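Labels A, B and C are assigned to the chains in the order they are written; within every chain, residues are numbered from 1.
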Amino acid sequence: MDNLVILCFAVINSIALLALISLGLAVIFGMMRVINFAHGEFIMLGGYATVIANHCGLNLWLSMLVVAPMFVALIGAVAERLIVRRLYGHLVTTMLATWGLSLFLIGAVTAIFGNTTMGVSAPLGNIPIGAYSIGAYQLFLIGITALLVVSALLALHWTKYGLIARAAMQNSEMAATLGINCDRVYAATFIIGAAISGLAGALLAPISGVLPHMGAAYVARAFVTVISGGGALITGFLSAATILGPVEALLSYFATPVLGQASLLLLAVIILRLFPTGVSSLWIGGR
Amino acid sequence: MSKVPILAARGLVKRFGGVAAVDGVDLVVDAGEIRCLIGPNGAGKSTLFKCLTHQHQPTSGHVLFEGRDLQGLATHRIARLGIAIKNQIPSIYANLDVRENIRLAGLRRWLGKRQLNRVVELTLDEIGFDERLASQPAATLSHAHRQWCELGMLLASSPRIALLDEPTAGMTREEMLKTVDVIKRLNASATVIVVEHDLEFIARLAQRVTVLHRGKVLVEDTMDKIEANEIVRDIYLGRKKEAAHAEG
Amino acid sequence: MVRQVKQAFFPVALVLFAALGPFILEPFDLVNLSAFSAMAIAALGLAFVWGTLGILNLGHCTFFGLGAYAYAIAVSNLGDSTLAALIGIALAVAFSLVLGYFLFFSRLGDVYLGVITLCVTLIFYSFMTSTADPSFHIGPVPLGGFNGITAVPSLNMPGDPQAFLSTEATFSICLLSLAGAYVLLSLLRSSDAGRIMTAIRESELRSELLGYDIRFYKLVGFAVSAAMAGLGGALYTAVMGYVSPNVFDLSQASQFVLWVIAGGLGAFVGPVVASFGFQLLSSQLGANQVFNTELIFGATIILFVMLAPQGLQPMLLGLSSLKFPHRFGILRRKEKPA
């Protein structure tokens, strides 16, 4: 019984984790069709911002929820200005350039902080379930992920910005004739995506610690989730996370975490074999 | 009289979401024919062509090539049977020169090097390309020359049947007349179905004309009879009236 | 004719170097250059599959790593290094066929392909780092987790595992393999099959409508590139004497891509020259500990990509030189048709 509860928790946790690490990428890819290879490093920078701010004496919650997203948003703004903006429309080139950025950021952080793990301790203590216990912080993570996803969905469909953004993405020329400044919309979208990635990194820092190379651990899973989700922005990656998460969780639980990750990738490849434009082509039609 | 038609469509349907772009087409084309397909914009002509070559999977219905059902065949398999197509949007290897374009079309026939070179030079001759044009990258060709380059590729691939979607679009009258010649060359060894709007072009080429309207075959007859047909006139004239209305 | 002479120039130079190098260079340099050549062979594989066929494989190092691990395990178990290298190639090819089946038969776009291939290599990386437990072993060889497999035997005479080859002989073999790979790929590219591959890169639709099975050609090209990477990986392990999960990591993946971009997409000589140049650079930097290589490589990739914002894309399409883009690398000297 306790076992079952723990297992359910692991499954939900895994879905939430996938959603959390993919949301920023999904926003950028879904809206701009830009593959941001530096996504993992945005997560990493969010983690570092939290840890450094906390070590400097700032309150942990402030460091996580305010400092990290703002810092990464800043980095995102610079990257957008200097790199991404100049390459709009060149999918492959953008991908390569952001990959260069990814390596550059890893190198820079290694040069500054060294190749060692730093961390902050997880707040909120544990909740006992029978013989086991789960971290209250992890419950908090699940909650805040749900909150983020729901607010992204609402922002996209119910706010003026969402409407403008969707218009600009659908048909930038038409939007331009309606007086929408597409450059600014793209920039804003990229910055928001970066901020979300930074927040994800911040939230994960207490659990996993921070390391210059930590991005690589997340980036593969995030890409796979977003890509097998396909065209529908939020619902797509959410459903992909819901399919992939449990598989990863169960295999990690019954076998090894590495097997869990490998099976996640394998499943995604199979999904793409069946639906080359992602699972969401089921309800929005193959584009 | 039990001659098998080279190409036959039976109850062919293609839906895009709710729209039936091709809505139950029955079509029989005999070997050696030049058939013209006409119809107002959006009638479904291009979509029909793409269904015949499985660039679109038909929603339902059958395509028979020399009596053989093409169902389930991939596009390249259909091409290997000898069904060649020039889509409405030109598709050539823009960065390769014209000779290479044509060579790649002939290469599939596994001819042997010398024979292949002969086919390539012959084809260049047939589409009237001199050495300068032949060694130019296809991207630098004029609009009409691109069309001819693609027709040359079809010629070199020696198809059993060639589907041509608006081969004279945007051509001057002179160029159109040259295209008529090229298509006649093609017809010497292949059946041809051609989509066109230009009536003079059709009159010079086609024996029979099929009129497509809203995804269905409206009538099929000789050009003279089609020109005299009230309903066909209504479709084209009606459209013209509407257009005049919209402008006025 | 002129072209053929020009084409022959590079492999001939390599062969000469293979013959003369042992007399001029120190053993330390010979070992380094052997390792560089092994890497360059793998880079040629990527130059081929990306430049000719247009397949952007960001995870090319997967095949390199598979060749490297397969060699290490096989040579320790079997003794014969020739057989082990062949097994390395075979494993890389086999995996490329399985992966390629999923990639090409799903008709994934460029970007998806790049992402998936990169993810595959990352999965290998995390798998290999998790094999520290002694229960992960093949024959007497433990996989070794993060430390990888050490004390891998170097090349030996075919059929006589005790007769290890000297540093000089290994050097010559590596350079001759590089020359061989270059010649093989050049011949393949200018063959009919290679021209069809170029055509597929130019327009998949047209090629399909002409009756070419693009999935088949892509699969073949992918397998050829994997074979090159597998050979490179096997030779690299033989030269270095160890293999670690780092062969699957991001910076390894980025190196191959960087060399091909820098050397010129569609070219063969360029990537080889670039791979030697960058490896020399990073071994110098690594020795001096001034900067870490990721910083340098990242900045270099960004610079290369940004300095040709429009230039890279036409380059990707091979627009810059007609017919078959043979460009002599960084010099970007355009050939006149012979």
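One rule holds in what follows: contacts are C-beta pairs under 8 Å (C-beta built on N, C-alpha and C of every residue); 3 or more make two chains touch, one makes a residue touch a chain.
Going by UniProt, the chains are A = Urea ABC transporter; B = ABC transporter domain-containing protein; C = Branched-chain amino acid ABC transporter permease.
These figures come from a predicted structure and were not determined experimentally.
With centres defined by CA atoms alone, the chain at the far end from chain C is B.
More C-beta pairs touch across the A-C interface than across any other pair of chains. Centroid to centroid, with C-alpha atoms defining each point, chain A and chain B lie 49 Å apart. Chain A and chain C have CA centres that are 32 Å apart.
Per-chain CA centroids place chain B at a distance of 44 Å from chain C.
Chain C contributes residues 56, 58, 102, 105-108, 110-112, 114-116, 118-120, 122-123, 125-127, 130, 249-251, 254, 257, 261, 291-303, 305-306, 309, 312-313, 316 to its touches with chain A in the complex.
Only residues 53, 55, 74-77, 79-80, 84-85, 87, 91-97, 100, 103-105, 107-108, 135, 137, 139, 153, 157 of chain B touch chain C when the two sit together in their complex.
Put simply, chain A touches chain C in their complex at residues 35, 83, 86-87, 90-93, 95-97, 99-108, 110-111, 213, 216-217, 219-220, 223-224, 227, 256-258, 261-262, 265, 268-270, 272-273, 276.
The part of chain C that touches chain B in the complex is made up of residues 192, 195-196, 198-199, 202-203, 205-214, 317-319, 322-323, 337.
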